[in-house]
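Below are two complexes that have chain A in common, paired first with chain B and then with chain C.
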Partner chain A sequence: MAEFLQFTVNAIILGGTYALLGIGLTLIFGIMRVVNFTHGDLYAFGAYMIYMFAALLRLDFFASIALAGVLGFLFGGAIEFVLLRPLTGADIDTTMLVMIGASIALQAGEQLIWTGVARSVPTPFSNAPVVIGPVSVLPIRLFVLSVAVCLLVGFYLLINRTRLGVAMRATFQDADTAALMGVNNGLIYTITFALGSSLAALAGALLGPIFVITPTMGNLVALKAFAIVILGGLGNIVGATVGGFVLAFAEEFGAGYISSGYRDGIGFLLIILVLIVRPQGLFAMKERIG
Partner chain B sequence: MLRSKSYTIAAALALAAPSAAWAQAQNDILIGVDEPLTGDVAASGNYVTDGARIAEAAINAHGGVLGRKIRLVIEDNKSNPRDAATAAQRLIVRDHVPVLMGAWGSTFTLSVMPMLIENSVPMVVETSSSPKITTSGNPWVFRIAPTSEMEAKSFAAKISQFNPPIRKADFLAVNNDFGLGSINAFKTALSAAGVQIGAIQTMSPDATDMSAQLATIKKSGGDTLFLTTEVEQIILVLKQAAEQRLGQRVITDGGSSSPDQLIAQAGAAANGNYFTVFFAPWFPEKAPYPDLAKAFVQAWTGQKYPVPGMTEGYRGYDGISTIAAAITAAGKVDPDAIRQALWKVKVKGLNGDISFVPQGPKGKESGQNEANVYIVKIVDGKVTLQ
Partner chain C sequence: MRRASAWLIVVVMATLPWWMRDQYDLYILTSAGIFIVAAISLNLLLGYTGQLSLGHVAFFGIGAYVSALMALGFQLDYGADQPWIVDPQPVWFAFAGGIVVAGCFGWLIGRLAFRVRGAYFVIVSISFAEVMRLVALNWVSLTQGPMALNNIPPLSIWIPGRGVEPLYSREYFYELVLAVIVVCFLITQRLVSSRTGRAFVALRENEPLARSIGINVTHYLVTATVVSAGMAGAAGGLFAFSIHIVDPDVFLFVYTVTMVIMVIGGGKGTLSGPIVGGLVFGILPELLRDVARPEVQWLLYGAVMILIVFFLPQGIAPAVGSLFAHFSGRVFRKMGPGLSA
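For the complex of A and B:
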């Protein structure tokens, strides 16, 4: 029972971070139809930013997280404006190739600047775990889960309760009609990409201090984020959130009760099963075609 | 007129200087280095390369080899087996190196090995520990690092030093040739020493969350966890083990734990745990050749290389020293002559005496060095020798 409870707590904490990674990608993937291969690199970018602000420049830890999010937003906006805007109307293969190139360049840049040596960030949280019965968890993980929940709720409200959200959803459903209704598609694309990038950078800034920071830290993360987006359905914030938790529970319980060697395989097997039963994902938004 | 002549002479000298340097460079003896300089294990690969550069400088400062300078040609294997093979191919086909050093991880080295047979070029393996490397019948492979079996045997001989004693062992290893080979070797050696075997868990090389594995290990009720992976994952496992209040003491093997980095990045979670290393830079006076160890530590710090990298960097130094000794013994820069000479070398290395004994199927034996293994413990944020 103690083991079951620990697996459950681990899965909830992991699910919160997976959801955070998934919603950034689902926004971009769903609204812009851009396969954002730089998502993992923007995650690493956020982690290096908190390392620079909190560990090197000794700024306040919480302010450093916010700064990483702001810089992620600006960096993402710049990527959209410089790399993707000129490709408006280009086929998906061209865009994918450009994004793969951008990902390689970003990772190589991080390697050049920070070297391959792992970095770690000091935090204001205690290293003593919070112990509740048979379950223990570090305070920083509870903080990350709380921030992730706030961000998930915030983005849900942004998409569903604001004029910007209406414009984003309209662009997702039918970009041409949205443009005819007065939506500035270019601006929506830039904001969407910047917001998605900001979320990736925030996830990196939140998780970097828990793990260690390396230039390749985003590779597996990007793969998982893609899986979550596919699982939850394109462009759906709720879907990405549920997808994140489903993947985390599958991995944690699969590794615990079936085999740790196939931890990643179990998660992806689940995705295959979901796609066979429901090819559009668990919570796909309706899309107008034609 | 005079001024014009001066210009002509100056121009001729300016042209001659680089061409003399170029001619000198053409005369250098090339040594191929195939290491992970980018990717998941880039830090370790860079440390090994730094150690190799120190050896290159030291050898050239003493007149080089066969009256010629040695020059490292370094290729990045990007921490993956496919690129490790490509890097070796580039070094052999493009640069015509007569001998290689590489390729850090067992999986990378195994992917390079067929190319050594195809091109008849020897390689000194400085890090990889999978037994398969020297038992698969590749006569072009010479390993200076200990195999997992040697390490396990050496560890089992010191098992009585542990207090409280090791009664039940659990395992957590990276799911590749290095980790799986180590589990098998330590399981066999510990079982023979009467230790009960508990949970056996694995993790992918890029995994960052090992909470499920640690929860299973915690339930096993063992007293010691044997952990096999590279330093970044060791940091994560130690931190997550402290988070889950794991009762087991942790012992890492493979020699790539970099205790200084663990102290800096895992903090208190590193205390009370044990690590096997093959070079102990904290105690150069206790090395088999103290003067050599002191000179290496001085050169490393003089170059301002990261201090935690010394436990890994020694591998590059010993690897290049071994290759230089073989070229000297061969008397010529020829791959087959170097291979034959490798069987005869006796090198004073940072790890100890380096020489090769045959391993693997008869007629196609690989060379294996009997390397020394040290066990260190972190106590109150400081490294102590066991």
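For the complex of A and C:
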């Protein structure tokens, strides 16, 4: 029972960051029809930014996280403006190839700047776990979960309660009609991509100090983000949140009760299972089956 | 005329080991050749049926692992009292086994993955490759996991008067790779100019329309995947017998990316595209090796990929072809799939 509770708590904490990653990716797909292969690299970018600010420049830890988010926003916006803006209207395979190229280049760039040496970031949190009954949690993980939850809530409010959110949803539903109503589609695309990238960078900045930071850290994360998004249905923001938690629970319990070696494979097996049982996904969207 | 010049190129390439003395250059060409086989196989799916399979390395890796395991012998512990023990098999049988098993996986994965299209298919195909990598990494009793499968025996050949001899020399292996390329090229050529190939192109251009005129889309997609997976398995087998070691890294995403760059860069949906792309992007890293570090090479690779999509969306081979046609004063004609050889 104690084991079960511990796995549950671990899964909830992991699920928060997974949801963060999934939302960024699904938002970009939903609104822009772009499969963003740079997502994992933005995640690594965020982690390196917190390394630079908190470990090298010795800025405040919390301010560094915020800075990583802001820089992720600007960087994402720049990627969209340079690479995707000229390809507006191109088919999905074309943009996918460009994003793969960008991902390769970004990762090589990170390797070039930061070298392959694994980096770690000092945190202001104590390493003594907080023990609540049978469950123990590291303070930094609680901090990460609370920030992730705040970001998720903030994001829902942004999408559902602001003018920008209305414009984004309108573009999502019908870009042409939205444009007729005075929505600047191009600007919405740039903001969407920047927001999604910012979420990825924040996730990197939050998780970087927990794990070690390497240029290739984003690869597995990107694949997991894809798994989350496919579980929830591409473009479905609620689905991505739920998908994040589903994957986290499956991973924690699978690693705990079955085999820790296949931990990272569970997400992919989930995708394959979902496809066999419900090709339309857990949260059905019409366009999925060709 | 075209056919004659194509065969002339093959003959020239076949005599290459006799006038190119540098063993290292030959090795580079051989590795490029192995990737050309993989690129030809990917082109069948990506170029002709229009499905962007980003898990193609799964078939490559399966071919490599199955060839290696059959050549080395293995025991499979499946829960019974006695494990299933397979003694080392003749190398050519192992090579063929890799192709067949990869083809079977192609059928299975095709049946599952083609329930979805577009972005979903792409992500599902990546997932399959990643699952394969994790299985290779964790099923230590079969694959040795990260310790890798070592000492894979070389392919052998029967030479009149001398009996069966192992193919240790680079020259023979080069000829073998060239022969596999020619075979895969001919298979692709026959396939895409047949009724089946026209069905591929039809469903690439407009799937609902293809369906409406009675083309069984799933059947043709699975057919393409099986053939393509078999060829990729052959490339994997060549890879295993060429470097004599197979580890879970054969399933890395970068190999898929390399194949995709070769196909897109060379010209997807053309017969010569993967060969041109394979030569350019197989040799380019070696040329860059002296002037740039691996990170810079990858940076350039990524940049080249973006630039190709932006400026040469049809790829190098069709661009060169139309340039050639333009200069030789012929009427500029659009190269359709299957026309350019």
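Methods note: the second predicted complex is superposed on the first by the 275 of 290 C-alpha atoms of A that agree within 3 Å, B and C clash if a C-alpha of one lies under 4 Å from a C-alpha of the other, contacts with A are read in each partner's own complex, and residues count from 1 in each chain.
Just so we're on the same page, contacts are C-beta pairs under 8 Å (C-beta built on N, C-alpha and C of every residue); 3 or more make two chains touch, one makes a residue touch a chain.
Source: prediction; values computed, not measured.
Enquirer: If chain A is used to align the two complexes, do chain B and chain C fit next to each other or clash?
Expert: With chain A as the common anchor, chain B and chain C collide in the superposed model.
Enquirer: For A:N219, decide between first (touching chain B), second (touching chain C), both and neither.
Expert: both
Enquirer: Quick one: is A:A63 in contact with chain B, with chain C, with both, or with neither? Answer first, second, both or neither.
Expert: So A:A63 meets neither chain B nor chain C here.
Enquirer: Applying the touch criterion given at the start, work out whether A:L157 contacts chain B, chain C, both or neither, answering first, second, both or neither.
Expert: neither
Enquirer: Name the contact category of A:V131: first (chain B only), second (chain C only), both, or neither.
Expert: Once the two structures are laid over each other on A, A:V131 reaches chain B alone.
Enquirer: State whether A:D264 touches chain B only (first), chain C only (second), both chains, or neither.
Expert: Both partners.
Enquirer: By the touch definition at the top of the document, which applies to A:D93: first (chain B), second (chain C), both, or neither?
Expert: In the superposition, A:D93 touches chain C alone.
Enquirer: Is A:A102 touching the first partner chain B, the second partner chain C, both, or neither of them?
Expert: Only chain C is touched by A:A102; chain B is not.
Enquirer: Return first, second, both or neither, reflecting whether A:Q111 touches chain B, chain C, both chains, or no partner chain.
Expert: both
Enquirer: One more residue to check, A:L273. First (chain B), second (chain C), both or neither?
Expert: Once the two structures are laid over each other on A, A:L273 reaches no partner at all.
Enquirer: Would you mind listing the overlap between the chain B footprint and the chain C footprint on chain A?
Expert: In chain A, positions 108, 111, 219, 261, 264 sit in both the chain B and chain C interfaces.
Enquirer: Taking the touch rule as given, give the residues of chain C at its contact with chain A in the complex, in rising order.
Expert: 50, 52, 112-113, 115-120, 122-124, 126-128, 130-131, 134-135, 137-138, 207, 253, 257, 260, 264, 293, 295-299, 301-306, 309-310, 313
Enquirer: Touching residues of chain A toward chain C in the complex: what are they?
Expert: Answer in residue numbers: 29, 35, 83, 86-87, 92-94, 96-98, 100-109, 111-112, 219, 223, 226-227, 229-230, 234, 259, 261-262, 264-265, 267-269, 271-272, 275-276, 279, 288-290.
Enquirer: Which residues of chain A touch chain B once you look at their complex with the stated criterion?
Expert: 2-3, 6-7, 10, 14, 108, 111, 115-118, 120, 127, 129, 131, 136-138, 141, 211-212, 214-217, 219-220, 251-256, 260-261, 263-264
Enquirer: Under the touch definition given earlier, write down the residues of chain B that touch chain A in their complex.
Expert: The touching residues are 37-43, 45-46, 79, 175, 201-204, 206-209, 211-213, 215-216, 218-219, 231-232, 235-236, 242-245, 261, 264-265, 267-269, 306, 309.
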